[in-house]
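In the two complexes below, chain A is the common chain; its partner is chain B in one and chain C in the other.
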Partner chain A sequence: MIKSSFSNIQSEYLALIDHTKCVRCKRCIQNCGWGTYSFGGDKIIADHSKCVACGRCYTYCPEDAISIIKNPTVIRENGNWKDNHIKSIWKQSETGGIVISGMGTTFKYKKYFDHILLDACQVTNPSIDPLREPMELKTYLGKKPSKIELDFNEEGEPILKTKMPPQIELQTPFVFGAMSYGSISLNAQKAMALAARALGIVMNTGEGGLHDDLIPFGKNIIVQVASGRFGVHRDYLNSGIAVEIKIGQGAKPGIGGHLPGEKIGLDISRTRMIPLGTDAISPAPHHDIYSIEDLRQLIFAIKEATNYEKPVSVKIAAVHNVAAIVSGIVRAGADIIYIDGYTGGTGAAPNIIKDHVGIPIELALAQVDERLREEGIRNEASLIAAGSIRSSADAVKAIALGADAVAIGTAALIVMGCHVCGKCNTGNCSWGITTQRPELVRRLDPEVYGERLYNLISAWSHEIQEVLGAMGVNSIESLRGSRERLRGVELTDAELKVLGIKHAGL
Partner chain B sequence: MITIDASGMHYKDLNKLIREGIGRGIKKFFLENVNGQYYIGDGIKGDDIVININGVPGNDLGVFMDGPTIVVNGNAQDNVGNTMNAGKILIKGDAGDVVGYGMRGGRIYILGNAGYRVGIHMKGYDEQLPVIIIGGKVGSFFAEYMAGGVIVLLGLNDTDDTCSDYFATGMHGGVIYLRKKIDFSKYSKEVDLYEADDKDTAFLKKYLLEYADNFNIAFEDIMDKSFYKIVPSSARPYAHLYTSA
Partner chain C sequence: MLKLKNKFSIERDISGCGLCGIINAKRVKITGSNIKKAISVEHDRGNGLGGGFAVYGNYRDYAELYAFHIMYDNLSAKSSVEEYLKNNFVIEKEETIPTSKTSKIIEHPYLHRYFMKPKSDRQDKLFHDLGDDDFVVQSVMLINENYDGAYVFSSGKNMGAFKGVGYPEDIADFYKLDEVEGYMWTAHNRFPTNTPGWWGGAHPFTLLDWSIVHNGEISSYGINKRYLEMYKYNLSLKTDTEVITYIFDLLIRKHGLSIELATLVLAAPFYQNIDKMDNEKKELLTALRQIYGSALLNGPFAIVFGYSGGMVAMNDRIKLRPLVAATMGDFTYVASEEAAIRAICPSPDLVWSPKAGEPVIVKFEELVPQKGRVIGL
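On to the complex of A and B.
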């Protein structure tokens, strides 16, 4: 075993090569973004300390000669002093730094989706066969009028008199979550853009501006305005289908963005208009937003700039009192509110925030939906739920808890090969996803992964149709906020109350 | 040319009139009795458009603006030139807080003072070089997180403190010029102070000539002192703060 330098921290994984199988093709050397492998004269040698278990090498080894195993050398087990505590102490004592990483929290908090079960029809009301009968998944995001007025033409047919506020039409209730150019590669964004267009859904630029190559995908793009205001200008605001103001992110509520300088190459420097190799800093707050009134000011600055033709979304992290906050945001004039739960992903965030700040999306969503209904303003804005939607089941449950649509981020990256190694902040992603190194980005083919994203969302949409059919409803809108169709298992009374659902059996 | 009497008008109506006017090819707008209307010039485009304002425009004057010129014959409120991309805003009085937030290009010239948080996260790349010149003094949090562009602080009204606390915190790009020396020890550890050299003066001259001309003040009176220059000590002021898990 070779170590990079002396440290108390032992390699987490071992990259083992079966030299009897290895044909010395050196693909692993090329494929690993972290430089784990090198050629030692007659054989491949591995620096285990560099391995992050991103899975690229063994996926591309033609001889199946590589296995990545967890380092069996253990730190003595202790229920109180967990590995991550001990390792963080070593790391921080060696560097003096705040520990940061990519992806969502790795902590094993209770996942409420896994304690919620769906209803189905038996005898008394018939289920619907989605293969034979129409099953509507189409979803409109945007403000809905409280009442509509009709006129009648000469033939006595009704004509809608009320002017509908601008809407985003989704063929299926999914959007790709915001992931910026800079945080992820252009090819990863292109894959999502291609899939979004083919599926009739939308992707989200994140806060890094819009690359010229994505301009033709405007109808399927939400452009984002965050505190760093990277790439934000008039034409940008008008180039998408909607504009999103990013206030917070589930993985890092309350703090700004920090795109490490390692990822700021020439092109990113140009689109963000910041110096080469600098850290792209998004301040924690927007410096023109210190209140709901200020938020309203920015929402309407954007509406003015886009001639009131685009819905404005506001993205926040799910935190304590989220229902009151969302009520304020609706009253500030937002058309869509994107709520990101604490298990949501990130390109880079301090572990202290990722692992300890925020609340689960399930609880946030139930409370927000409830509050907006109570106040009679649920129609004023659509809700997007996010924060590790791992399957169509999570999506269905989120919609029954009150969401209009769900956003997927990490799941989309997993489609592109991501093994959730959590090292996105380093800029070395072997899969070409969260990196700007040209030799790594090149290997991510937007066409190939665009198609796979299409497949995934199509499959999930079919699954949603299956469960809708089983529940005897023929449109996703009928399920929205329909908590009567949900039951809880292994949940306390307090949890059931917050979720607004009954215990299974009742 | 068109004159609009803005008295009692909601910002939506006023801005709609301006947008429609631009659509009809009008180049010069005279707005009278402006009284706090928000978003004047929001997202408008066209290098040859000029909006002349009598009265006090409300917040977000020239937000997302892309080319036109706005002249305010008096004071302005908060968020002047917010995320502006190109064009020019002239304020013949004082401006409020958050001038030029995230500004990407164009010029904002203020004759008097400006409030807190001026030039936060201003940017710049190649020819896109935003410039803010302030005749008087500024409040706290000046040039915080500045990433590009140029801010010139003249201190013409001769008060002792032209700037206040949290000066240039987190500045990682761009340059600030000061006409009056400040007690540098009081300010950000993340920037360095130099005396401006001939190259700097030549660069400044181009903008200050225009500034003097626009506000009808003598160029010599501005150039009577030598300038100081502030640049970030590092392009990565916070890199040492973090370690990868």
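On to the complex of A and C.
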């Protein structure tokens, strides 16, 4: 086959340098993880084809001399044959491969959160001022008994007889979503660990094992067990506050993962307990879980290994029959169910899966919560909703639809500088987030970004308190599952029915 | 047209209100004229679209029987409900509830009462092994949900609710409560804000011998309702008061909590206070919040809750509605306004305004335990 000398694929972005401003400091060359810039003797020159619009160069250009623009050269517009179709065909005809990218889908599906409005008090009940009154966000994740059992002490006063199942105490109903060491850098994980500890919430190791440096943060870490079982051993299971079995991920339901050997350096190989430089392949299914009864065995194997002291969470992707699946998982003994919607992020996934598989978290969550209530087992497990929670408003709506807490992944990475360029899979992240290149990783200061993560979650928590106050309630549990406080706009009857909410005006 | 049930296209009914309660701890009976006088002082807290009373100790001769008060829109509803009752209950006595014609209450449903007990060989025994109380609850919900034109508004033993559309003092005259005697009374004056009056929507709301009068709006209604539905309660009335009654029923009758603990669920202490308690108490209250978080009543309320063992009056956890209490000898009075108490007890021994979330609990002395009760009170 004759190698074609040219490619149809044009640069998506143009990196333009204003040479009248440029002082040739070469910071852009240093900062770009993609090799876009080089020094052409007397001026900086840009190879546009390498630019991903990650924003690093212009953020760090001291002279404001760089602008990144969308390549104005058009592919002839066609309502049916869109840019991405044409480009994928070119790409695949040149490589013969599956098109892979990072982060969540870029498709513009309907975002149900944007069609839900919140209630507030007027006259008949007073709103509550969160600056003057307590406004409780504390949340406990884990199995709750359906009723309390009491004993009485010598004075005849009631004391607790029920042995409460283990709980994760969150000071605010947020957790950081699972992102493994390998898919992201250790510094990115450290930033989340620092923030989680300061906030009284938890982060999640993902499936990459627990690096030694994170062991002191155990009380704020959920350790994950996924199909590759990387880094899983007894001490690992006991080093966190809870254990999560990852079955699926919203960005790529039904498929596994692949961390290529070139990213497996010494540290990652130690943490994942695999040989240096070997591919880390997570199989699509757990090969010891081919059905629900197998999941039950793994849940209880983990509970045995952790002396029933840790809640066990099961993470799944939101797929068509999610309500029945979750009901099965609850009955299999899980204490927490983590549901990841189809817009959730990933380090790498085939576009065909990312863009077309799964269902929206809003619909999945509403149906799961309803189903568990119908079956009378809602108390048996807590629900974490995830899959692009973009703001505190999304969080409030998710909680009112029935979530106990929400997980944020992409939002946390955006804090660290991520511009959602979707090239996590390449390992060239200029922000030091989804890369293992030491010169890139070291630019991400865990303390600086730990503080910014703290700021974001604090700000969102204050916003939730404002909303609760406006609704006239002073505790997050009075919002949880309270769909009466939600109304839909621009939604069909079918959509409203699935969400279990009324149309605005009713 | 008379309205027995909430058929308005609303998720729930909201109202502001006035309330009042009187209890004698030694079970000394007084007539309804007292509470009528007290609640009439709170006239302006209602708008004539709902008033009502609950009285305890009024059916001494039938104390062991469930006293059903049922309102009917038409006689065919009556005959179909009675067919159900005859199949499942032994009816010892039935009669029209005595009323008097007044100029204020012009239109009213047909009001009938039945003193009865569930048959031991009732048909549902083939499918369940429900206790009498549970069966009565199920029957009440069945009739209220499925029998058009019929509504059970009282179903306890040795107690009764009397309510309707009108100011409470007019409702009292309509039911001739001056002639009725009881050792505990509660009263309610209603100011509905989003529906016209409907007979079933007046307070008190009762179930078995629980009765609730309530001033407030439960801002957590949505989740309280969904929580109760998980335990198969059917919230057909769509009122806050119904929610409160059922939560009490669940906590006390089904889960065996004491009144005191139940109030700690309804108006849960803040974590900032729980965290300061000694370990045993902290553990208990944290567990209560973890388990019963969805039963927390959030938003403004003052309630007076009556049951066979006594009376509880309480506010929400930050006291967003008025509630005053007073004692005079063996009598305890509670009301939305002190003036209501002073109208019938000009110089009480003690008058106070209960703190947010802190219940006023009065229990009868020398209580005769009722059979089949799970709570030790």
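One rule holds in what follows: the second predicted complex is superposed on the first by the 495 of 506 C-alpha atoms of A that agree within 3 Å, B and C clash if a C-alpha of one lies under 4 Å from a C-alpha of the other, contacts with A are read in each partner's own complex, and residues count from 1 in each chain.
Operating definition for what follows: a residue touches a chain if its C-beta (ideal position, glycine included) is under 8 Å from a C-beta of that chain, and two chains touch if they have at least 3 such contacts.
In this text, all values refer to a predicted model and were calculated from it rather than measured experimentally.
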item	value
First (chain B), second (chain C), both or neither touched by A:Asn71	neither
First (chain B), second (chain C), both or neither touched by A:Pro260	first
First, second, both or neither for A:Ser38, with chain B first and chain C second	neither
Which superposed partner A:Gln30 touches (first chain B, second chain C, both, neither)	neither
Which of chain B and chain C A:Gly376 touches, first, second, both or neither	second
Contacts of A:Gly422 with chain B and chain C, given as first, second, both or neither	first
Which of chain B and chain C A:Glu136 touches, first, second, both or neither	second
Partner chain(s) touched by A:Ser475 [first = chain B, second = chain C, both, neither]	second
Chain B and chain C contact sites that coincide on chain A, given as residue numbers	none
Residue ranges of chain C touching chain A (in the complex, touch as defined)	9, 11-12, 14-16, 193, 216-217, 219-223, 225-227, 229-231, 254-258, 261, 268, 270-272, 280, 283-284, 287-294, 296, 298-300, 317-318, 320
Complex contact set, residues of chain B against chain A	11-12, 15, 19, 38-39, 42-45, 59-60, 63-66, 78-79, 82-83, 85, 98, 101-102, 104, 117, 120-121, 123-126, 128, 144-145, 147-148, 170, 172-173, 235-245
Parts of chain A lying in touch with chain C, wherever the complex brings them together	121, 123-126, 128, 133-134, 136, 138, 140, 144-148, 150, 153, 158-160, 162, 164, 167, 373, 376, 378-379, 400, 471-475, 477-485, 502, 506
Chain B contact footprint on chain A (complex, rising order)	88, 91-92, 94-101, 227-230, 232-235, 237-238, 258, 260-261, 269-270, 272-279, 281, 283, 287-288, 297, 300-301, 304-307, 350-351, 422-423, 425-426
